[in-house]
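Consider the two complexes below, in which chain A is the common component and chain B and chain C are the respective partners.
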Partner chain A sequence: MSIALRGIGKQFGEFAAVQNIDLDVPTGALIALLGPSGCGKTTLLRIIAGLETPDEGHVLFDGRDATLWPIRDRKVGFVFQHYALFRHMSVFENVAFGLKVKPRRERPAPKEIRSKVQSLLELVQLGWAGDRYPAQLSGGQRQRVALARALAVDPDVLLLDEPFGALDSQVRHELRRWLRRLHDELHFTSIFVTHDQQEAIEVADTIVVLNRGRIEQCGVPSEVYDLPTSAFVHRFLGQVNELPVQSRGGRAYLGPIDISAASALGTGSEANIALIRPHEIEVGAAASGWPAVVVAVRVIGPIVRLELCAEGQPANEPLEAEISRERYEGERFVVGQKVGLRFRRWQLYPATGAAA
Partner chain B sequence: MAAPAAAFEVKTLSPPPPPRRARGVLPGFGLTLGYTMVYLSLLVLIPLSAVFIRSLGLGWGHFYEVVTAPRVVASLRLSFGASLIAALINVIFGLIVAWVLVRYTFPFKRLVDAMVDLPFALPTAVAGIALTALYAPNGWLGKWLLPLGIKVAFTPLGIVVALTFIGLPFVVRTLQPVLEDLDREVEQAAATLGASAAQSFVRVIMPALWPALLTGFALAFARAVGEYGSVIFIAGNMPMKSEIAPLLIVTKLEQYDYAGATAIAVVMLVLSFGLMLGINALQHWALSRHGGR
Partner chain C sequence: MAAAESRTAGRSPALARALLIAVALSFLGLFLVLPLLTVFVQALAKGVGAYAAAILDPTAWASVKLTLLVAAIAVPFNLVFGVVAAWAIAKFEFRGKSTLITLIDLPFAVSPVIAGLIFILLFGSHGWFGGYLKVHHIRVVFAVPGIVLATIFVTFPFIARELIPVMQAQGKDDEETALSLGATGWQTFWRVTLPNIRWGLMYGVLLCNARAMGEFGAVSVVSGHIRGLTNTMPLHVEILYNEYNYAAAFAVASLLALLALLTLAGKSFLEWRQPELRHAARQGRDRTRREIT
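Right, the complex of A and B next:
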C-alpha cells in the first residue's frame, strides 16, 4: 500500500509538532523518519497510524483519503518503542490477539490461529517462548514479540516508533539487519522513526530528515549523507568540523588555505561557515597545508581519530580527523607532532542559518 | 594441573564459611518485624481473642443456640447479603467514577475528586440521617419513588443504599492509582491490531484492573459488614426484616447479655475473616497470571 501525506499539520497547544508536511511513500518502501527529539517524527508516524488526528492536511492510503479512518480499519501494524505488550497474556496470546479479536466471520479457526502464531514466532526466532510471559523475556525478545504481534494481522503498512531505541547496541545492530531482511522477504511498506542516523542509513531505502516539524531533506541515504542541503542535515548525519570562512582581498580562506577556486558560495562579504567531515581532512607532512599539532590520538577499531589543533584556531576547539588503521600503522602519529592539514571536501553554508 | 588441585584442597580443609545472608539496602528486618507483631497484637489480636474468650463462657450448646436463633440468622444474612450487594454496586460504579476522574478533564474536577472522600470523613450518623431524610416516604427522592412502588427508607433496600454510600471511596481510591498507571500505548496497540473499544476494555484493560478491583471490593465489603451508624437510621430496624447484625450486638449489650453479643461477634469475625482470606487468594491468583511478577 502506498501512503501520501498532503499538507499535514498538528499543534499541541502552542507547540507546532509538525507543519505542512508533504511526503510520498511508495508501496514496498522502507523509509526512515530521522530527526532530533521533538522534531515531530513520532507525531507524524502516529498520524499515519490514526493514533493522532492532524489539525490540517490529508493522509492518503492508496490514493484514498484515510485522514479520519478509525485506527482499527487502517490495517497498519504499529511497533512501539516500549513494546506495549499485554502483560497478562503469554507470548502466544499476545501474538494471537489480533486474530482473536477479528469479527466472527473473518476470524480464522483456532487451529489456523495456532499454526499462524507458531510460524510467526518461528519467524522472530521465538518459537520456544509461546508459553512465557513478557516479563520473563529480555528487551530484544519483547520487541520481537511486538513485531510478530503486529505482523499477525497481515498489515499493509508496518510503522515502527524507535523500535530499537531501548535496546543495547549489540542487540540493536542484530535487529536492524533482521528487520531489513524481513522487509525484503515480506514486501510490506514500512516507515520507522529513529534519532540514530546510523540506524537510518543502515536500514532505510529513503531517509526523511525532520527538524522542528518540517522536512529538511528527503533522499536515499548516500545522497542525504554526501549532499546535505542544509547545515542542519549535515550536522545531524554524522560528525562534522566547523570552520569559519574568512575573506581577504576578495578571496575566501579556510585558515591559510585559499578555497575561492573550489567554492561557488561565499566570496562576498557575508559570513559563511564550512562543514567538513572528519574523513575529509587529510593529515600530511608538517610543511604542507595548514600547520597543526596533534593533541590526541584514539584508535577505534578500524579507524583512528586524531584531534588536531590548527594554527590560529582556539585551542579548546580542536578539529577531528579520521584516518584508516592501515595508514596509522604506517605513519604512527603521536601527540605533539606537527602536521599539515588539507581538506578533500567541504561544504559552505551561510553562518546565519547555521545556528540551529 | 597439580598446583591448582592442591590449592583447592587447602580450601576444603578450612571450615566452611557461615552462609551469607542476602542484605537489603535498608537494614532492620528483625526490628520492624518485631514492631509489626507487637503492634498487631496490641491492636488486633488481643482484643479479638478477648471476644473469642468471652463467648466461650457460653459453652458450646448455648453458643449454638444463640447464633442459630432465627432473629440472629436473619440479621447475619441481611448484614452479609446487603454488604455483598453494596460492594458489587460499588465495584461497577466506583470503576466508572475512577475512570472518569483519571481519564478526563472537566470543570471542578478537583472538587468532584474531593467529594469522593466525603463518606470517609462524614460521621456515619450524619450520612444515615441525610439519606433517611432523602429517601423517607415524604423525602425529596422518596416521594417520587413511592408511587412507583419502591420503598427505600426502613427497608433492606435502604440498608443497601447506606452501605453503598460508605463503601464508594474504597473502590475509587484503590482503582485510581492503577488506572493512572495503565499504559495508554497498550490500548493503542490493541486498537492497531483491530480490537474494538469493547474488546480493548474486556481483554486488555480489565485484566490489569482485576487485582485492584478485588481489593476495592474487599475493603468496601468489609467496611459495609461492620457499618453501624448510617444504617440504623435508614433501616427501620425491624427484627427479622431490617435489623443488621451489629445492631443486634448493641441490643444484646444494652440488655447486659455480653456473652450473647460476643457470640454473634465471633460468627461475624469468622465469616469476615474467611471471606477476606478467600478474596486474598483470588487476588494472588489474579496477580500470579502476569508471569514472574
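Right, the complex of A and C next:
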C-alpha cells in the first residue's frame, strides 16, 4: 500500500511537533524517518498509524483519504521501542491476539490460528518459545515477538518506532539485517523511526531527515550522506569537522589552503563554514599542505582515527581524520608527529544557517 | 587483626538486621496481633454459648446483613468509578486534571463525621432536598440509602488512588498495540487493560471493602441508630459496648474481624490458585524494578 502525506501539521499546546509535511511512500518501500529527539519523527509515525490526529493536512492510503480512519481500520502493524508485549499472555497468545479479536465471521478457526502463529514464530526464529512469557525472553527475542504479533494480522504497512533502540549493539545489528531480509521477502511497506543514522543508512531504501518538525532532506542513503543540502543534515549523518572560511584579498581560505577555485559558495564578505568528513582529510608528509601535529591515534577495527591539531587552530578543537588500517600499518603515525593536511572534499554553508 | 576487623564489620549488618526485624515484629505483635487476639479472647470470655447467642441475636444478625449489603453496593460503585477516573487521569490530558485528582482525595481530607453531616444537610428533613423527599415518601437519612451514600463517599478514593499510579506507569503502549491489531475498545479493556491492572484493582477493592464494612463516623451520623434496621456492625458493637454488654460487643467485633481476615484469605487464595497471575505479578515487579534502575 502506498502512503502519501499532504501538508501535515500537528501542535501540542504551543509546540509545533510537525509542520507542513509532504511525503510519498511508494508501495513496498522501506523508509527511515531520521532525526534528533524532538524533531517530530515519532509524531509523524503516530499520525500515519492513526494514534494521533493531525491538526491540518491529509494522510492518503492508496490515494484514499485516511486522515480520520480509526487505527483498527488502517491495517497497520505498529511496533513500539519497548515492545509493548502483553505480559499476562504467553508468546503464543501475544501473536494470536490480533487473530482472536477479529469479528466471528472473519476469525480463523482455532486450528488455523495455531498453525499461523506457529509459522510466524518460526519466521522470527522463536518456534520453541510459544509457551514462554515475555518476561522470560531477552530484549531481542521480545522485539521479534512484537514483530510476529504485528505481522499476524497481515498488515499492509509496518510502522516501527525506534524498534531497536533498547537493544545492545550486537543484537541491534543482527535484527537490522533480519528486518531488511524480512522486508525483501514479504514486500510490505515499512516506515521506521530512528535517531541512529547508522541504522537508517544500513536498513532503509530512502531516508527522510527531519529537524524541528520539518523535512530537511529526503533521498537514498548515499545521496543524503554524500550530498547533504544543509549543514544540519551534514552534521547529523556522521562525523564532521567544522572550519571557518577566511577571506583574504578576495580569495577564500581554509587555514593556509586556497579554496577559491573549487568553492561554489560565495567568497565574499559573508561568513561561511566548511564541513569536512573525517575520511575526506588527507594526511600527508609534513612539507605539504596545512601543517599539523598528531595529538591522538585510535585504532577502531578496520579504520584508524587521528586527532590532529592544525596550525592556527585552537588546541582544544582538534580535527578528526580517518585513514584505513592498511595505510596505518604502512605509515605508523605516532602522537607528536608533524604532518601536512589536504582536503579531498568539503562543503560550504552560510555560517548563520549552519548554527541551526 | 585485619581478620578481626573484617569479622566485626561482617557482624554489624547481621546485628542491625536482627534488631530491625525484632523491632518490626514486636510492633506488629503489640499493635496488631495482640488487639486482634484480645477481641477473640473477650468474645469467648463467657463461653461458646454466650458467643453464639450474641451472634444469633436478631438485631446482631440484622447488622451483619446490613453491613454486607452496604459493602455490596458501595464497593462495585467505587470499583467502576475508580477504574473510570484512573483511566481518564492516566491516559488522557485534559483541563482540570489536577483538580480532579485533588477532588478524589477530598474524602481522605474531610473528617467522616462531616461527610455524614453533608448528607444530613442535603437530605435531612430540613435539608435542601428534604421537602421534596418528604413529599415523595423517600427516606434517605436514617435509612439504608443514607448509609450507602455515606459509605460510598468515605470509600471513594481507595480504588482510584490505587490504580492511578499503576496505570500511569504502564502508559498507553499496550492499549495502542491492541487497537492497531484490530481490537475494539471493549476488547482492549477486557483483554489488555484489566489484566494489566488487576493487582492494583484487587488491592484497591480489598481496602475499599475493609473500609466500607468498618466505617463508623459518617455512618453513625446518618444512620439514626435504629436497632435491627439501620445499625451496621460497627454501630452495633458500639451500642452493645455502651450497654456494658462486653461479651456480645466483642462477639460482633470478632465477626467483623473475621470478615476482614476472610477478604485477605480470598486474595491469597486467588494468587495461589492461578500461577499465571503470580507470574504476571512477578513480571509487573520486574518491570517496575527495571524502570527504577
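Brief remarks follow.
Criterion: the second predicted complex is superposed on the first by the 356 of 356 C-alpha atoms of A that agree within 3 Å, B and C clash if a C-alpha of one lies under 4 Å from a C-alpha of the other, contacts with A are read in each partner's own complex, and residues count from 1 in each chain.
Rule of thumb we're sticking to: a contact is a pair of C-beta atoms (placed from the backbone, for glycine too) under 8 Å apart; a residue touches a chain by one contact, two chains touch by 3 or more.
Note that the structure is a prediction, hence the values are computed from the model and not measured.
Superposition of the two complexes onto chain A shows a clash between chain B and chain C.
Applying the stated contact rule after C-alpha superposition, one finds that A:R177 touches neither chain B nor chain C.
When the two structures are aligned on the shared chain, A:R132 is found in touch with chain B, with no touch to chain C. Where the contact sets of chain A with chain B and with chain C meet, they give residues 49-51, 71-72, 74, 76-78, 80, 82, 84, 86-88, 97-98, 101-102, 133-135, 146, 149-150, 152-153. On the side of chain A, the complex with chain C involves touching residues 49-51, 70-72, 74, 76-78, 80, 82, 84, 86-88, 97-98, 101-102, 133-135, 146, 149-150, 152-153.
Considering their complex, residues 183, 185-186, 188-196, 199, 203-204, 207-208, 289-293 of chain B touch chain A.
Looking at the complex, you find that chain C touches chain A at residues 173-174, 176-184, 187, 191-192, 195-196, 276-277, 279-280, 282-284, 286-287.
Taken together, the chain A residues at the contact with chain B in this complex read 49-51, 71-72, 74, 76-78, 80, 82, 84-90, 97-98, 101-102, 132-136, 146, 149-150, 152-153.
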